[in-house]
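Structure in structure tokens, see below.
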């Protein structure tokens, strides 16, 4: 994966610490990167900004310092709206979201905090806000992924690169 | 991935429904299977049974019908102890675990329900129970993985293959 | 109560451990058995299966190993549907219940987890699902009884007879 | 049970509304009264005041208006200390309890709010505070009983006799 | 503030212990008294009784012994209804409130227990129950004030004057 | 209070929106400002930075967008450490605090989320970390104040001045 790290360095100017953390084992790094890239950068009915908004809303629920820092910066960058990133870190209900994005984050937060209570009625609310069943899969997969990453980061005291803090303020 | 499904059929006698659910998109199926196989079947200081015990304890906290059914069966099989599988489904504190496995599941359940509160003291407790830092990574990665899978399964109403129910009773 | 134990032995093939636990004092055993038999086996607008379903849904909320084991077996037996017993143990929302039984278990779980919040609106929902006021009493009394039994069992580390695990799989 | 009601009227000056509520069915009234009298008035290593203190601490956790009113009055009467009754209604930690009674109520409140987490360590704390295993049974049985009664009372909107409010102020 | 204490003594017959607690620093006492008097005794669309009802409902949520005792007495006095004071201490849902006061206390309790979830829909419910936007400010300010006072009282083990217990029974 | 607003404008370059919100009534504005200035700027054994750290830790627990924004900026400014402000917003446990400040924030968060459970043992922990009883009062008063302000801000949808977002990054 040295080539991948080189690519991060060239494109971002740094290698995200999460990748350094996984790099002790090449198989683990590769499966993590493959899943991340597919979910966050691959084809989807959700924009990249929307996927990052989900990442931050989930990480706020789980109070994950690493992911709030890294993905908060991504929301600020993709949206060109520094306040939006802060609002989703602090309380997504404070953001002035349109109906689609509000429904998306309400679902993300319920699936994070009460996964046992998610049922057909919740999916129906997403459909009424304009999401397809494939979109619902993608929302769920991103919610799931950050519920995984938040826990790996907290459990191993992963620390975000300092550079994120100043990005897109 | 048709070859992989064939292999499942030959080895298990069926294709787990979770794989069928992911199969609408080959990239998603491959990354899921790669991560699953590395975590649950790859080299680790944790036995395969221990990894399945974590899967069930996490899924019990999240009340995930799919994962409790499939991985509860795995605990019954790997341990040769049908009661152990039931106990971890219902309340892992009811199982008569040795100190190592109890510490492992206490950590798994705290990381599931209060990820924000996991700190050095929690890792220290695992070390005192005999786990290395690499083991702590593996525990955390399995906890993370099932916090992801539980949510994808609940969000999409995934249903376990009926065959699991009767296995290893 | 020796005659009663004999009757259990003849009818069930064993004496449930809960009875053995109460048997240190005849008055306590008698009042427990009298209340149990009236509630679970006496006349009611609820079928015996429905009363056992409530027992399991309540015990799942309280994560009571004894009661989930013994009454999970009873749901499997009365319903002739092994999956139903497992589903209510794990997450009753995963069971495909009709409107009546879903309303009944929703009420049971709310009364278990937030008894302070149960009000006329909750009773009204039961009535709209077809229950009479007498039925509501019976549901409430069974919910209450298992909120008692779950706590006595957990507080005294009561262990279910091993035989339950294999019943009606 | 008419004789029993007569006895209540003679001794207390009124028939507690809970008995009136159960009186629609003689079998239910009899089993309730038999269990209540055994637990709250029968032989025990716990004083009657201590059993009433448990009743109030449990009912405060469940915010049961009926039981807090009726048993709050009982604590005021048995203790001759009106403040003690109020304190346990409001927050038992505010009462200046000796070590034995504090351990007893800590156990009662944990068994009420997290029955799944009660284990040998909790019983051990009671033993260190001077309780025998029989006492632990009695504490648990009273905790269980009020977790039942609180729910039957809330579910059926049971209202306490007005007379309790003014007693032993 | 000696004159103010004299006024309390003359009017109430005692100096509330909360004032004695703040009296170690004149500036702190004065700002506390000024805010209290403005909020609880100043002009408002809420009656003094309604403001005391909010005080008690909030303090019940926070289980504050001092405030439940002092303001429970105030509800009994202002309402001339001893039961109402007890009901709001125990569980405000048990009181037979009109629509306006029920909406007011529902809002107060939600703002106390889940301040992050209060949104326009919650304010809308208050408006539909007849409250103006200025009333909503006053409700919120009283809720806020007792969320402050409850914590100062609990943190410093403040004890209510004994005289409150017997008032207006 | 026009003079005070003028002073804010001269000193800060803007009038904090919270003051504008209170300005509809001079008495309310004055009591709020007086209490705020005494608590946050007056003499205390706590530094101004420490009082702001408490403000942010409490506001994070209550997920208050206004207070996290305004006081997060204050922590960044007073500490000269932009990361510290972010960490306390996200999860104060992620900050590398010394023993004194960690004990202070642990107390603040417990008093915020479980005020009913704060007892002598909690105060004792603060004393062992070097705090006097007067310091404990000041910590509690600041915790109380922000539990008030968070709720007034959330209840009235108060929005922070945009300028805070870019300060001291």
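By written order: A, B, C, D, E and F. Residues from 1 in each chain.
Operating definition for what follows: contacts are C-beta pairs under 8 Å (C-beta built on N, C-alpha and C of every residue); 3 or more make two chains touch, one makes a residue touch a chain.
Worth saying up front: this structure is predicted, and the values here are computed from it rather than measured.
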Which chains are shared contacts of subunit D and subunit E?
-> C, F
Contacts shared by subunit C with subunit F include exactly A, B, D, E
Pick out the pair in A-E, B-C or A-C whose interface repeats that of D-E, meaning over half of the contact pairs match by residue number.
-> B-C
When the centre of a chain is set as the mean of its C-alpha atoms, what distance in Å lies between subunit D and subunit F?
-> 42
Could you give the separation in Å between the centres of subunit B and subunit E, each centre being the mean of its C-alpha atoms?
-> 49
Taking each chain's mean CA coordinate, subunit E and subunit F are separated, in whole Å, by 23
Contacts with two or more other chains occur in subunit C at residues 63-64, 91, 116, 119
Pairwise, which chains touch?
-> A-B, A-C, A-E, A-F, B-C, B-D, B-F, C-D, C-E, D-E, D-F, E-F
Of all residues in subunit B, those that touch subunit A in their complex | 24, 27-28, 30-32, 34-35, 38, 42, 62-64, 111-112, 115-116, 118-120, 123, 134, 136-137, 139-141, 143-145, 147-152, 154-157
Would you mind writing out the residues of subunit A in touch with subunit E in their complex?
-> 91, 93
Counting only contacts in the complex, subunit B reaches subunit F at residues 116-117, 119
Contacting residues of subunit D [partner subunit E, same complex] | 60, 63-65, 68-69, 82-83, 86-87, 89-91, 94, 162, 165-166, 169
